[in-house]
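This report refers to the structure that appears directly beneath it.
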Amino acid sequence: MRDKCIAVSAALDQYCKSGQTWMFGGFGRGGVAFTCLEELARRSQQYQNLTIVKNDANEPNLGVGMLLNQGMVRKMIATHIGLNPDAVRMMNEKKIEVEFVPQGIFAERIRIGGSGIPAFLSDIGLGTIVAQGKPTMEFQGKTYLLESALRANVAFLCADVVDRFGNCWFKGSNRNMNVVMSLAADSVIVEAKKIVETGTLEPENIHIPGVVVSAVVQAQPRAHIQEPGGGIA
Amino acid sequence: MRDKCIAVSAALDQYCKSGQTWMFGGFGRGGVAFTCLEELARRSQQYQNLTIVKNDANEPNLGVGMLLNQGMVRKMIATHIGLNPDAVRMMNEKKIEVEFVPQGIFAERIRIGGSGIPAFLSDIGLGTIVAQGKPTMEFQGKTYLLESALRANVAFLCADVVDRFGNCWFKGSNRNMNVVMSLAADSVIVEAKKIVETGTLEPENIHIPGVVVSAVVQAQPRAHIQEPGGGIA
Amino acid sequence: MSALSLSPQEEIIIRRAAQELKPGMLVNLGIGLPTLIPSVLPQDSGITLHSENGFVGVGAPVVGTPDYPVIDAGGRAVSLLKGAACFDSSFSFALVRGGKLDAAVLGAFEVSLSGDLANWMIPGKLTPGMGGGMELAQKARKVIVLSRHADKSGTPKLVERCSLPLTAPSCVTLLITEFAVFERLEGKMTLVSVHPSTTKEAVLSGFTFSVPSIPELRSWS
Amino acid sequence: MSALSLSPQEEIIIRRAAQELKPGMLVNLGIGLPTLIPSVLPQDSGITLHSENGFVGVGAPVVGTPDYPVIDAGGRAVSLLKGAACFDSSFSFALVRGGKLDAAVLGAFEVSLSGDLANWMIPGKLTPGMGGGMELAQKARKVIVLSRHADKSGTPKLVERCSLPLTAPSCVTLLITEFAVFERLEGKMTLVSVHPSTTKEAVLSGFTFSVPSIPELRSWS
């Protein structure tokens, strides 16, 4: 099977454009494509007016927080940005638009976006401000919100182990949003610190099949993260 | 974590009743709870008027085919029953009702049934007889079928390896419908030839977490299957 | 188990909350006070903890590197218990919405008399997003809310009507404070138990509206 | 690769079909003729095969026990290639409906002039259910149908309108028979190539209705 390993810069050149929608796997720091994000932030002039889909906003100047601090982002779709006060401030100052989605509905909207399903019915958020302005419908005598699919131009994933074809394996809680995003974008870039030969992973233990992956890139050690303790969202 | 291993007969006594809806994992012969099925078929007087949800009808007098041949089944929801001529005959003679569902929609209706989602939009089968009589709706200028959730009273799964808490691992193509069914039933009985101590499976490589499993039972060798080659659907 | 120091009131609350959790239950513990419950549970409690970012079988906190691969939903590095299982976010919330959570233990800004919960947003002041809180509040079979009885100005957290945006309406099963336990009975948060340090009359007189109570209060523990 | 013996016509069809599959493509092969394509592909074709019951990376058939743990959608025991990955049915069809299949190669009872496909049901005679066929026909980027040119009575499989229940309307990209290749161009199945054993005129005159063709037919291989 094809070797998809390329340099980070080559992957960005090939798949990324200004004005696009990008998805990032990760929950807090776990499963976040930090190497891609650092290279993207270096290209802040090149990529503007972006829509970012990530569970959270990471932390100030870390992860997707870099894209925010660089002024590259127009809109964020997220579940919780509390660990990034810069993001909260930018939202309050209306420098970015933020759409908050309940975490499971966030995952599900992305999942159906990758599954050829345009919408589903949900009762999550009924009776709260989340339901305001959303389309509703009756089904079997009850009222539901109609939740629509989320897709992106590019998804950036971070696996613990990836093979050269793109088959991914995640440790512990790093899997999070990465799996649903793998199907929901036109192009999928996976980074991992550990890249192995194709055929190394057990077929049954693969979390994302390489067939959905466009490019595999080498994650760099994250020297800039020095303080102990993980970030959250 | 709790040891859920019990005898097959005890599991059936506890969870099964006449008139219920039962789901069975499996695609053809792979991932089918044959041991449970044999014990269920032995109780043909006790369990009648059943609704069976399985991808296929197995083969005559094999697997769910036993329930059909024993006259226990009122209705079957399936994707393909071609390998069981008895099932086709019973359908044509109107001895059983059969609802055919496209395979991916079958999986998805069960998945949402286990995910607290009552319905989703789909374009699969539009313009065919499958769409006849189904509710439709317009969404973003296109017509879709509204597909509803499928649930059961009991799901019978067959893993390759299960631990005493119910964590499951499947080999090769045996996973099939088992995962979605694990969430979509009030009670979940897992059988496996190999039962291991809890903690043996790697947490990352578990396909179904034991928290959704009600009982674990020992699968018996299937001595009655003597001919080579697997069945299909 | 935790390095955080607890106030005596907080310890009363989490010890009372721990009584609600029984062997075999699958439980999600929200950020804050609820996270501290394991420190007062027996070693082999038989309770399985769910972390909505993707696993069941949450173990004790560990000292982790910044890229430690197992964090709970509060971002703490934690161990996995024997028998733990990891999954992705969509499966994790399928568990929640599918009704597999026996209980969620959550914090609160306000709980209304009808059991509405507000715990995610203070307009103009705190707007971080709801995370997974709405699903937990709406879909856990039992929603146990832990809170100090009153805010710093002495206003009880149990209010006639929530003034803050709701997390979910009519969702709270139990509200546990350092003075009282309220249970939603016939649609109303009802006083069912008071801590030995106070009395039914003292608790009820602290409200500016009428709070129902059961005739014979249950003992605290 | 297969123990099945092929007729010369069938060999023509699958060799022509194999030309449509390029390295890097993700392809699903339906039961029957399509399953035989790998026998005429080079060893390292670079084509990845999808089996809708739950994996990508289908390898050669193997002699399996009745409970062999890897079967393809046709029920044959098969090996997994290096780099193969297994998943559950819902992920498998998410791949299909999500548009990740570059091609599906399917059999047919009838293909209509507008590219409708009927291959799952003959009312009163053959009613096994559609399996995964509807998703494959509707959602693969390219739907390649393989069929003998005509049935035993000499009636072509390409018909003006399907008389049988459809698998999916307007879905067929290519119809490949032992005599001809038809491609759906501007909404109509159009003759684009004929086998050296016949001529454009002979093929077109076999229909009782008008079948379009491109001015300059493409060479067969």
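Just a few scattered comments:
As written, the chain order gives the labels A, B, C and D, with residue 1 at the start of each chain.
In this text, a residue touches a chain if its C-beta (ideal position, glycine included) is under 8 Å from a C-beta of that chain, and two chains touch if they have at least 3 such contacts.
Note that the structure is a prediction, hence the values are computed from the model and not measured.
Contact with chain B and chain D alike is made by A.
Computed from the mean C-alpha positions, the centre of chain B lies at a distance of 36 Å from the centre of chain C. If you average the CA atoms of chain A and of chain B, the two centres end up 33 Å from each other. Note: centroid distance chain A to chain C, computed from Cα atoms, is 29 Å. Listed for chain A are residues 108, 111, 115-117, 123, 170-172, 175, 203-204, 207, each touching two or more other chains. Among the residues of chain D, those touching two or more other chains are numbered 55, 80, 86-87, 93-94, 96-97, 139.
Pairwise chain contacts in this structure: A-B, A-C, A-D, B-C, B-D. If you check the complex, the residues on chain A that touch chain C are 27-30, 55-56, 78-83, 88, 91-92, 98, 100, 102-108, 110-111, 123-130, 160, 170-180, 207, 222, 225-233. Note for the complex: chain A touches chain B at residues 108, 112, 115-123, 137, 139-140, 142, 144, 146, 148, 169-172, 175, 202-205, 207. Those residues of chain C lying in contact with chain B across their complex are 23-24, 26, 46, 48, 50, 55-57, 80-87, 93-100, 139.
Put simply, chain A touches chain D in their complex at residues 1-2, 111, 114-117, 163, 165, 167, 183-184, 198-199, 201, 203-204, 206, 208-212. Residues of chain D that touch chain B in their complex: 51-55, 63-77, 80, 86-90, 92-94, 96-97, 127-135, 138-139, 165-169.
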